[in-house]
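Okay, handing you the structure first.
For clarity, chains are labelled A, B, C and D in written order, and residue numbers in each chain start from 1.
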Amino acid sequence: MHKIPVGVFGASGYAGRELCALLSAHPHFELTFATANAQRGEQAFLGGREVRFIATDDAPIRSAELIFSALPHGASATWVERAQEHGARVVDLSSDLRPGHTKQNIPYGLTEVKRDSLRGAEVIANPGCYPTAILLSLTPLLERGLIRPESSIVVDAASGVTGAGNSPKPELLFGEVTENYRAYGVGNEHRHLPEMRALVDSYETNADLLFTPHLLPVARGILATTTVQLRAPLEEPLTIWRDHFAGEPFIEVTPDLPTLRDVQHRNVVRMTVRAAAGMRVPTLIILSAIDNLVKGAAGQAIQNANLSFGFAEAAGLPR
Amino acid sequence: MHKIPVGVFGASGYAGRELCALLSAHPHFELTFATANAQRGEQAFLGGREVRFIATDDAPIRSAELIFSALPHGASATWVERAQEHGARVVDLSSDLRPGHTKQNIPYGLTEVKRDSLRGAEVIANPGCYPTAILLSLTPLLERGLIRPESSIVVDAASGVTGAGNSPKPELLFGEVTENYRAYGVGNEHRHLPEMRALVDSYETNADLLFTPHLLPVARGILATTTVQLRAPLEEPLTIWRDHFAGEPFIEVTPDLPTLRDVQHRNVVRMTVRAAAGMRVPTLIILSAIDNLVKGAAGQAIQNANLSFGFAEAAGLPR
Amino acid sequence: MHKIPVGVFGASGYAGRELCALLSAHPHFELTFATANAQRGEQAFLGGREVRFIATDDAPIRSAELIFSALPHGASATWVERAQEHGARVVDLSSDLRPGHTKQNIPYGLTEVKRDSLRGAEVIANPGCYPTAILLSLTPLLERGLIRPESSIVVDAASGVTGAGNSPKPELLFGEVTENYRAYGVGNEHRHLPEMRALVDSYETNADLLFTPHLLPVARGILATTTVQLRAPLEEPLTIWRDHFAGEPFIEVTPDLPTLRDVQHRNVVRMTVRAAAGMRVPTLIILSAIDNLVKGAAGQAIQNANLSFGFAEAAGLPR
Amino acid sequence: MHKIPVGVFGASGYAGRELCALLSAHPHFELTFATANAQRGEQAFLGGREVRFIATDDAPIRSAELIFSALPHGASATWVERAQEHGARVVDLSSDLRPGHTKQNIPYGLTEVKRDSLRGAEVIANPGCYPTAILLSLTPLLERGLIRPESSIVVDAASGVTGAGNSPKPELLFGEVTENYRAYGVGNEHRHLPEMRALVDSYETNADLLFTPHLLPVARGILATTTVQLRAPLEEPLTIWRDHFAGEPFIEVTPDLPTLRDVQHRNVVRMTVRAAAGMRVPTLIILSAIDNLVKGAAGQAIQNANLSFGFAEAAGLPR
């Protein structure tokens, strides 16, 4: 059977490696090249086989019908353009083309929210890992206009270290991260904020957004704890989430609190919602968990590529 | 030099063990017995020496001038009473005598806030670990009345597993906790909440409190991320915290974000504060870190015992 | 397509859970019941679906054509017998039927060594996790008679905690295992030794075997470091291993040193061999790694069941 | 009271930081400068206070009566010489001056073995971390000539990552080390081997030595598992070790198996010994544990400096 030839730019980072690994099990896509400038000539054992990295400049772009770009933020946009000029479809995992980062109107690959605009799309801006976990869990409220006007949505989230990439930085050494935990980007300084702001604002809520990420001594996974004030109390909040996501293959709404273990190596968002006792203003706590490298990066990228090419949305994805 | 003879009830739990270890280096206290019903007859290597556990019923209470009770919640109050009848001073590490848990008016050992009532106290209710981290970091705002009326204080906190004790529960096995992270007690269900509510309410703020704890794959340490809405913007919030805690030997106010590593095995609270950008209502994020077994339990208990006996407050404490 | 109905005894332990998870992706086997006395009535999320545990006494054995028993050592043999009486084939993951543990001559499921005796077998004794890692890596020497007579084979091995099961024992709590490492069963006291002794002795080597296991702060994986003295130096030892395992789908002989990461969640043994410099007697160090729950338990069990039923040996197995 | 002014070269690595932290509690030594070329101008929070790093070239060597050099191997010897020219005593933590690495006859700081040659010494070569754990545990056999002639001493040891330093290398990132375990330097390639060979050979045993180190997902600690063949069986091996180390303040001989937890943050070697069952040749397994940064580096360095200056050997050291 003919498979779509696929290239990966920036394949030596954690997201790029996950892409190569997932592609090895895909029924319709076939990895034909993987670039990594610093590691060019080296091999990596990914998805049960050896992948050899080439320089991005040496990539036979013309041979690929689909390109995933996992290049660093800032460096990706140029290569996305080049790939398009060669006729390839592109899913860009960097932030370069996301809402809040560019004025271009690129289809935003938050699949369950933007599905219709992704079918057949020539280029897709794949969402960040935090935005995927947080925004998907908020849409039941956003779409129904249930959030209290002028209130603050307070998001505390924690991510495993693969979210910070595999460039060797002293603060990411095992000796620094093990048995440790810390916040970063405190005060709305995280680069994922504009992307989240943009989507929240598109719903004409006027709620503020406060986002505080933390670094976990864990390799992979994100758990977001989101506190939202409501216009009015909700009888059975979980029912709203269940109805909203009914039939979604990659969204799991459960009465139990989600854990990282529940979602690791799987292309799902798992979430629940609880009402807070003892509050003047009716308040919900939404918990949502994803694997930052799968539903938060490579998995959602493949989900989006499936839509672009008209394949089954779940093709090749670990549930 | 004569040392005060000290007994520890419930010495085989994590807090009890930490007490025994810290007492081995104390200049004025001397451990004379340590009880642990289930482990009676066994030895533990604590603070560089072997400690032998006896049954609580066999404790020579009369021989002790000071008792620390680290018995389980519910079981402690009776033994505290018995120890007092025998003439011993008592620091109770359980929640039995804390505000929100009893109607008795027992001195509450949040040292830096309640210091005057602790000098010479016959019995002291030692605070919970979460309340210590959270309440101390809030007092600069509470005492100045700076919190926005009718707003919600949103506390997301994460604790190492020793906060959950060392009774063997399946969900605390290494295989379940490693590479995992999850919330618990979601929706204001944590048993530390009444204690925090009681102190916050004593300041006549009418803010609500929402507390969501999480379990970290870490042995020890708590990091609390507290979001507070203000009546009005603050020019230099850090200065307020610095002034408030000036001269406190066990409070570290820093411009840097505190990490668990900064506080492990030390009897300190380390904290900072940041203003949130892009919010309609002026909002602060307060980060505070403690070692849950030291400043959050055994260390603060010794700090309080030092005050009770009139010793230097820092005697025997690891800074 | 008709699938073989399969039951799992003792499904709530780590090996039993892994079996249920792997079976969910098997093309020819279908899980029809899973027993777990203590957890009966509870559900677990395994392999992307909910599995409900029943009491072993309530198991509809008659409905199953294949039973995997992951019951505790000592308790398994009786149930294996009962399942056979009902006409089911059985793969027993306990040590009850392994060489060195019973005088019965049950086919021993060290697949790559005993393949011929496993095809069509009615009952199979699945090897222990340590023996799988160690014995497979030794067979190139054992079969060629290259080990120095009267020498000692020194095996130091380290295992993740899932090897010790998920019964809540104090020494397996996260707070005790994290940042820790220790040996156990020192002095040839480990219960896997007889099984290893039996296979080594079957080759008529007269070498002694010394086995020292260690507990790693890791969930899954075993690395065995085996030191062997040779009759004579070997020119290119790696070539011997490569030739020996040529064509084996689940054995990876590599020049690189194997790591746990290389084998986690995969049904493989990954190994290499190095000559030791500066030794009077020619000495090899063999390194071999497996996932203790996959190739060391559930994966190899399915591999063996595939042989028993005449399916492709690799059916349903993660490589 | 006058304190000896002390400088630390190479203070930003893990051993250098541990030295600064330990010196803050020393009764006779006082840190006056700490060098770190790459971090010059930066501050670190060590031993409860801020230490500011200066360039090594800017070090006021003349002001120090004692220098600890924790510079990298190869770079240290020159600076040791320079410090001696300025009249300072020096403890060198690099391998430059250790036996097997230089032909100079520098006092070797394996304190419990070489104590007499260390009193008043002008310069001391501090042992490596692995050699400290391994050699001290072997001396009861070496000094008594009990090891079987022409046999092999097989040492498998595992170390936490701080043994590999804090230079940012990809293979030391948290994401690579967590849930992983691997051997390195296999085949007698580790740079600590010559140092161990030299000491073993000084006892005129003719045993071979095989050393295989492993990397643990742990910050600190070494456990060495050493297998030794004996000339003849020993009745009660533990008694030999106990007698040998009687009165040693920093050696703990116990019937229990030592764990990393037992020794972390303490300047001790903790060890036990067991006879192996079922072996033709009488064989012992010796287990020994240290904190690689304390007894394996900074702690032993201070222990040696205490001897050099005639202070109590245990001054300022955490037991």
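Just so we're on the same page, a residue touches a chain if its C-beta (ideal position, glycine included) is under 8 Å from a C-beta of that chain, and two chains touch if they have at least 3 such contacts.
All figures in this text were calculated on a predicted structure; none of them were measured in a lab.
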For chain A and chain C, the contact-path distance works out to 1
Contacting chain C as well as chain D are chains A, B
Most remote chain w.r.t. Chain C, using mean C-alpha positions, is B
In whole angstrom, the CA-centroid distance of chain A from chain B equals 38
In whole angstrom, the CA-centroid distance of chain A from chain D equals 46
So chain D residues touching two or more other chains come to 160, 176, 178-179, 217-219
Counting only contacts in the complex, chain D reaches chain C at residues 150, 152, 154, 156, 158, 160, 176, 179-184, 186-189, 193, 197, 208-210, 212, 214, 216-221, 223, 225, 227, 229, 257-261, 264, 274-281, 283, 285, 287
Chain C contacts chain A in the complex at 45, 48, 178-179, 262, 265-266, 319
Listed in rising order, chain D residues that touch chain A in their complex are 14, 160-162, 166, 168-170, 172-179, 217-219
